[in-house]
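Below you'll find a set of structures to go through.
Below are two complexes that have chain A in common, paired first with chain B and then with chain C.
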Partner chain A sequence: MATCADRSANQTVYNLYVRERLDECLSLIDVMESAGTLTEYAIFIKGLIFRRQGKIAQSYSLFEQVVELNPNNASYLKQMARSATLLGLHSQAIQLYGRLEELKLDDWESWYHKGSCLTFVQDYDAAREAFLRANDIERHLPTYLKLGKLCVIVEDYQYAIKVYTEALGFAPLDPGLLRTVGLLKLRLGETQEAFQLLGRSLVYDKRAPRTLLAAASVMQDSGDIDAALAKYRAVAAQRPQSAQLWSNIGLCFLSQDQPFVALQCLRRARYLAPFAWIIAYNQGLVHVSLGHPLAAYHQLRAAAALKPDYAPIFGLMGVVLADLGDADNCLAAFDRALEFDPDSAEIRLNKTIALFRLGRDSAGRAAWAGLQSRWGGESDLGGSPEVSKAAKQIAKYISINRQ
Partner chain B sequence: MNKAQNGLDLLSQAYSCYRRHKFDDAVEICTTLLAKNSLDQAAFVLKCRAANAMVAVDRTDIDEEVAGDTLLDRNAATTTARVGTTYRRTSTAARPVTKSGRPVTGFMRPGTQNRMASGRRQQMKTATARAGTARPVTSGGRVLRLGTASLATLQREGQIELGSIDPHSYASKPYGRILADYLIDVSGETSRATELASTALGLKEDDVFWCHRHARALYNLGLLQEAETAYKRVLQLAPSVSVFMEAARIPVRRDQPLAAKELYDRGLAVFPGSPSLILGKARVEDTLGNEAEAEKLFKAVIRADPTNLEAIASYGANAFYSSRYELALQLFTRLVHMDAAVPAVWNNLALCYHHICQPDLALQALQRALLGADSDATAAVWYNTALVALALGEHALARDALHCTLQTDPAHTAALNCLGVLELQQGNDEAARQAYMAASEGDGFEPHLNQALLAYKTGRVEKAFELVKGVLEDVPGEEQATQLEARIKEDFLL
Partner chain C sequence: MTPFLDAFYDPIENLDAISSCIESADLYGDGDHRLLIASRNRTLRVYRGAKVVAEHEILGTPSGVVSFRLEGVDKSRSLAIAIAAGTAIFVYKPVKGVLKPHSKFCLPPFQPTEQEQDIWRRLVGGGLTMLEGCQELVDLRNSGSSISPQGESMLTAPQHATDTTTMFDAVPDGQTLDNSRRGIVTAHPDGIARSVPVITAITVLPATINEHEPLGQIIVATEGGDVYLLGPSCRETDIHYKLKSVPIRLHVTGTRAVAFRVTVPCRDRAIYSITEQGISANVIRAEADIVDVVRIRNKIFVATADSTLSVYSARGRREAQYKTAAPIVAIEHFDAASVEGFLLCLASGEVRMFRGAEPIATMQLANPVKGIRMVPFARESHCLVSVTDTGALDIKILHRSADLGSMGSIVESDPQDVPLGIIDDTTALRSAYTREKDLEAASKMYFGFQTDLLQLKLAALSTRVKARKQTEDTMAGVKPQVGLRTTIEGFGPSFLVRVHVSARKPLRGLSLCTVCHGPDGMATARPPLAIKDPLLPISVLLPGIDTVLEVRVAVGSGDGVVGMLVFTVSDRAGKVLGRSELLTPEIDEFVAQM
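Entry: the complex of A and B
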């Protein structure tokens, strides 16, 4: 039962806390403790301050104390659960949130944090339920973001898009949200929409490195190398240790016909991220364009070890092995590539070329005939101008040899 | 061996042994002679000369500073020298260094084996971790060690009774000079040598030999101030390359690299193009971290003396660290052709091959490196094997190589860290955490940062915060750590 004196002391503690005069507040609580007039509320505030200072374990034990004193106070339980979450005691926190439910405390924060805990213990369905409950009570951006992230984890992209679209209706100007949605769309291949979203995000946060990087990579894909490089420069000033950045810069230089510079950039990227298969693949690409088949082969092998189901790696490996004159492995590589991507005209065409180069003309002719029957006519093989140009050359070669 | 056998008397036999570089035999015969007649001056002189020749060392090469001397150093003028004027650099070097704080070139340069490292953790390591050498060796360094070692053998066979010799009576005689060298190089009685030299200088003031030996003895006694004055006088009387090299040891030992450079420059003004002097200057520049300047000098040394191993190895290392791998490859290959291929050189060659994307050759070179490597080098070679394997995408081989590294050096921080990363890649979070924990006993912030990232990933936010704070204390402004800290702070506020 709080006395009058307690109440005024609590009031002072509260006033100091909400005015962010945390040091004064802490020393007042210490004075109260040594005078023997420590109140439940003061301990609670001390716990909150400790948590803000990063002393989570201490704050947890303080909250434990107040919960013992007053087991039915929902806000004490809520803060204890929060500290447990930050300590990584996820299942304990989930239990505490369960008790909160029994106390009929229905606020969005506890559902939100419960959802995060459930995500950590990989109970994804329950986590989704928790986030949805949180949004039913009160809509908040962090809930949408976590829910969207959860959907991406369980690879339910359509639902993720739905969640994000709803979030965009709720907070249309948030640069972080715009970027997240943009990146997801980029991943799903909706480049145009993604680029628009990223552009909108950049309007509100001009220097955000991740957004800039994504936007620049879209520009790079559409062939606007100079603009992309300008954006990359802005990113490099802020994040010089980003492997994706250096990998992309490397490919920019490759398309500007500066393979040695490209190689340096990629080497740096690889150093920063040794397990990124795409960098190894890019290195292989540069080595192919430089005419270093052996070096390219080593890089491609590394890429294949890291990403064993990506057709272009094996397709390129086949080309390189043809350069090295290893017929059996070359054909095995092409077969592997076609296993993952049977409809690729490029890989089939490369295989045909490789067969001719290895001197297996009859097999090459058969492959060419297969190609033609599959696509019915040499000109519209895949649509890409390079492919159709190569196809024409092969057709010419075959017709000359027949004569 | 007796007189009848060779038809020679014992002294001639001893002289013949001496001339055929059989110094042990010469000393032995002289000892027999001296046992018969302890006043036999010919035997005495020959024995001294043979003993001197046995321990003959390259004067320009003995500038080792031992831990005991560093601890008891009273010559230091200031404890916080300005950047660029001291060998003790506070910045963390980007290059890998030997345990004594020098970039690895494959050439163990004199005077670099014992310099105290500047890092906080490394200092602790010298104090505690290496139990076998916990007591620092004091005074004299290799000079004394050589002396004591040979003294023990000589005494066993009947040492010259130095107690019975009055140095003063030798000061005026020609073979007093031989005795002086004996006292400095072999028996290690440096104070006696000083006495002898100063007596001789009292008789003839401007004698170059005695001036020189006086300076040398003073230096060995650690009286740097007096030695400097004495060397100055020698250089006035008769400048020579070796004296310049010897004199330059004083500023080096006093941690005055700029003064050392000046001395080398003065030497180069008298003896332009002397490879030893240029090399000395290059060493100073290299240790100071002026790589561009050092490289020019190393090139100059190679031009003057194309077979200088140290210059080639150092130039190679410089080229390697400035990403000119093809050049480094040429230089290290040259070392191999010159038959100077110690394991470290093969190791460096392998790294060059690795960087120019020839991993097959790199693995071959690493195999060669393993053949002759000692335990430290073995660990390094296996670690590099792991790096090459990683670049090839051979994760199983990389893991095996890392385990081999840890077998030879269980506290190899980088290997433990790398193993943690590999385990994480396989999804073994717990194994990764343990590897990081073990790695964080050693130097470097990476294991701590990796631990923080892992803790954050698994939801142990407090642990992550603690670790990331530690990292930012060590390396303020580290990119990933700063980002992680900001994210955690957001979490705390919510």
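Entry: the complex of A and C
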């Protein structure tokens, strides 16, 4: 004989759910179901657990069930809409949020999630309106963050900065927010301000890996290798599986004239992310600097297979092939590089040097003449002192050989 | 360093109690505090020292246990224990050295609406089928009325053969009424049953700050969102508050005599404050489901299910937020040695002790905590009692000389000091350096490599030609009845080859045979690839439906020569109906193609 719903089990179900004892919680719900004492709330929690376990479609049908039983319950509608969003049913989710609006609860969360759905369907104006409405009802940091992100998507950086500034007034000590603003400033080229914000973020959360990585890369770019390495050490303790991190560490060691250690780090990075072309390219760079043309060639070949449209890879491969004496493939590599970046003085200069090294002096002179007519002189080849120095050397070589 | 001393640990106590179900009381006024633990298996155990001195059965799943002063008929007040279990509060009193049941109190019952009563009357009277009754209940709920728990059971019951029947119809043969809607109606022949709200939380509001008489009136919260302050005799309700959600815990600060504040975290992530004047308008909204809260002066510490500890001001402004390394399973307030703080328990078994918001101690337990309390026990004024996930009981004593007020904050090691852990093994790299130091040797190796590569490509091409020719020879004059298509998955050394087999007409009793040939197109003793299942049966092939067979192959001892996988589908007589081949090398040499 069926009994009345045992609502005393609801509290146990809740306690188990929030304490992450999901299996125990599910078995209790199953017991309730088999005993005929299943409650609406237990079905709801079962839906939440299924969603956390990745069974989104099942969770959606469970929420559908509870919404059918109690269509005016805002929590049920909200969670059903969340599952719909995760299933990619954005328009259905937006409809459900519309039903929540009809309940006139003035709930910021439903507007916030509606805004997220509208962002997915690329209705950015409506999404912005939804986020603003959410903030009108109750100000919350996630809303600011989503609104800022939306502004970045539509490339309205000034408004994004305005939103984030307002958010900083609301939560001035939030490390995640400080990091987000810092990264945006970094993207806008305001390095100094970005670095300050990242530093502030680290004051409140000195272990945040993303912040540490961003701050360290700024330090690395500005040449403060020791400080960057200290920050990378802190990240490595938490995220030892990050390929990007080991790649950056490798380049730090290369800057410190420790190429063997750099190669060790890059090999680890490559092991962690075998399809990351930048790591293969970096490995190639280190091998070139060490004078290992064959090893460099293999790394660059792998990088080229993964990223077949990046000019510097082919430019460097041309240099390496010149070292190895493969003239035809060397010139083909330079031509491919110039196909992708015809305005690169560096690649043209390297090609000129390679032609001279391969004994094709007439072609080399013609290339040098072309280079001069295009840029006007060896000192204006792009501003890099190494390039200018190489250009001067080649000019000197040509003048000596002419005599 | 921990300020606690290990006192007692029993791993086989088989306890299942959350923090609110752990309490201690000086039951007999002898200064020897007994420990009371109400377990989820409906038992109340009383511990004196390490010994269980009494065990009582409880008529419901306990949601909390408290000790308080019960007012008698003659207005005298004596110590009692109240256990909230299911829909009732069971009061126990110590009598002549034994804890005995004293009274039971139930909260005011749920009053069903007239419309709902009418629906139930019609259901019992046979005027409605079970499904019609459910529909009317849903309509009633949609109109904004709340329905009784019995009505909710009716709606959540699973589908049953008797759902389309009325009470007048006969139950179909072979059908039982277990877990059915009709079963619920049959169980309540008088219509709607009197239903009492389930209690979700219980606490005590101190009467005064007098240490000798610290215990006062009981406050309970229910599944319906009601909060009741009971009278001193625990026989009637004194004040009633109605919340919009279901409370999960009740935390009291202040006294009944002066002023009090009850902090009420709820299931909908809201945290309400109740004072004598009513429910405060400042409602805190947490960002995730609430595990529990602790209030210390004007700060509210909220532990949420997303492994976060948030600090809110009394006005509801979030002041700080900390992420924990593992999910939070419990947070419990303590007031010991004139220091107020809380204990934060993580699912990893770590227990952190905070003075205000400052961590002062940490300890690692063998198992995660389920419930924890800092209570007086035996003759010790501060004992840390914890019930673990495995059912163990762990009691630790706060060191009598522990000065929690002057303990320094835990200084975490600087993550920047952790060494990178790069293994100093540069032998291979140095040998490469030595090998390539001579540019001429590097050049030789490069051209040697290119020659080998070219030879491999030529061998592959030649094998491809042979394979095509072989297929043409095998299938000469035969119209292939079966189509084969192959896809490869995996990065090696093991691969999964999926063979999609399709037919133009229905075929039965076929088999897929996979053979690995050498570069000359002939079977070899040392094939380049090892095949796990060379013969796979295909029971039936239907037109328009692809049958997918999985062949696992691994790199064998072929010494790097080009090989060929040949797939043939044949019938029982051995007649080949379809054939396909796959070459072993996947060569994509960029430089040679330039």
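Some observations on this one:
The working rule: the second predicted complex is superposed on the first by the 214 of 403 C-alpha atoms of A that agree within 3 Å, B and C clash if a C-alpha of one lies under 4 Å from a C-alpha of the other, contacts with A are read in each partner's own complex, and residues count from 1 in each chain.
The rule is simple: a residue touches a chain if its C-beta (ideal position, glycine included) is under 8 Å from a C-beta of that chain, and two chains touch if they have at least 3 such contacts.
The shown structure was predicted, so the numbers you read here are calculated from the model rather than taken from an experiment.
Look at A:Lys78: by the touch rule set out above, it reaches neither chain B nor chain C. In the superposed model, more residues of chain A are touched by C than by the other of chain B and chain C. Judged by the touch definition given at the top, the superposed model places A:Arg200 against neither chain B nor chain C. In the superposed pair of complexes, A:Arg179 makes contact with neither chain B nor chain C. When the two complexes are overlaid on their common chain A, residue A:Glu40 makes contact with chain C while staying clear of chain B. Once chain A of one complex is fitted onto chain A of the other, the partner contacts of A:Val261 are limited to chain C, with no touch recorded for chain B. Of the two partner chains placed by the overlay, chain B and chain C both lie in contact with A:Pro142.
Once the two complexes are overlaid on the shared chain, A:Lys351 sits clear of chain B and of chain C alike.
In the superposition on chain A, A:His292 makes contact with both chain B and chain C. With both structures placed on the common chain, the touch criterion links A:Ala305 to chain B and to chain C. For the contact definition in use here, the residues of chain A common to its chain B contact set and its chain C contact set are 142, 240, 264, 292, 294-295, 301, 304-305.
If you check the complex, the residues on chain C that touch chain A are 18, 40, 60-61, 63, 85-87, 138, 141-142, 144, 149-150, 152-153, 155-158, 177-181, 183-184, 186-187, 193, 195, 198, 200, 223, 246, 248, 267-268, 285, 287, 289-291, 305, 318-321, 323, 327, 329-330, 347, 370, 414-423, 425-426, 429-430, 432-433, 436-437, 439, 442-443, 445-447, 449-450, 588, 590-592, 594. If you check the complex, the residues on chain B that touch chain A are 323, 355-360, 390-395, 421, 425, 455, 458-463, 465-466, 469, 479-480, 488, 491-494. Put simply, chain A touches chain B in their complex at residues 51-52, 54, 56-57, 85-88, 90, 117, 120, 142, 239-241, 264, 267, 270, 274-275, 280, 283, 287, 292, 294-295, 298-299, 301-306. Chain A meets chain C in the complex at residues 1-5, 7-12, 14-15, 17-20, 33-40, 43, 68-72, 75, 138, 140, 142, 171, 173-174, 205-207, 230-234, 236-238, 240, 249, 260-261, 263-265, 268, 290-295, 297, 301, 304-305, 308, 317, 321, 323-326, 329, 332-333, 336.
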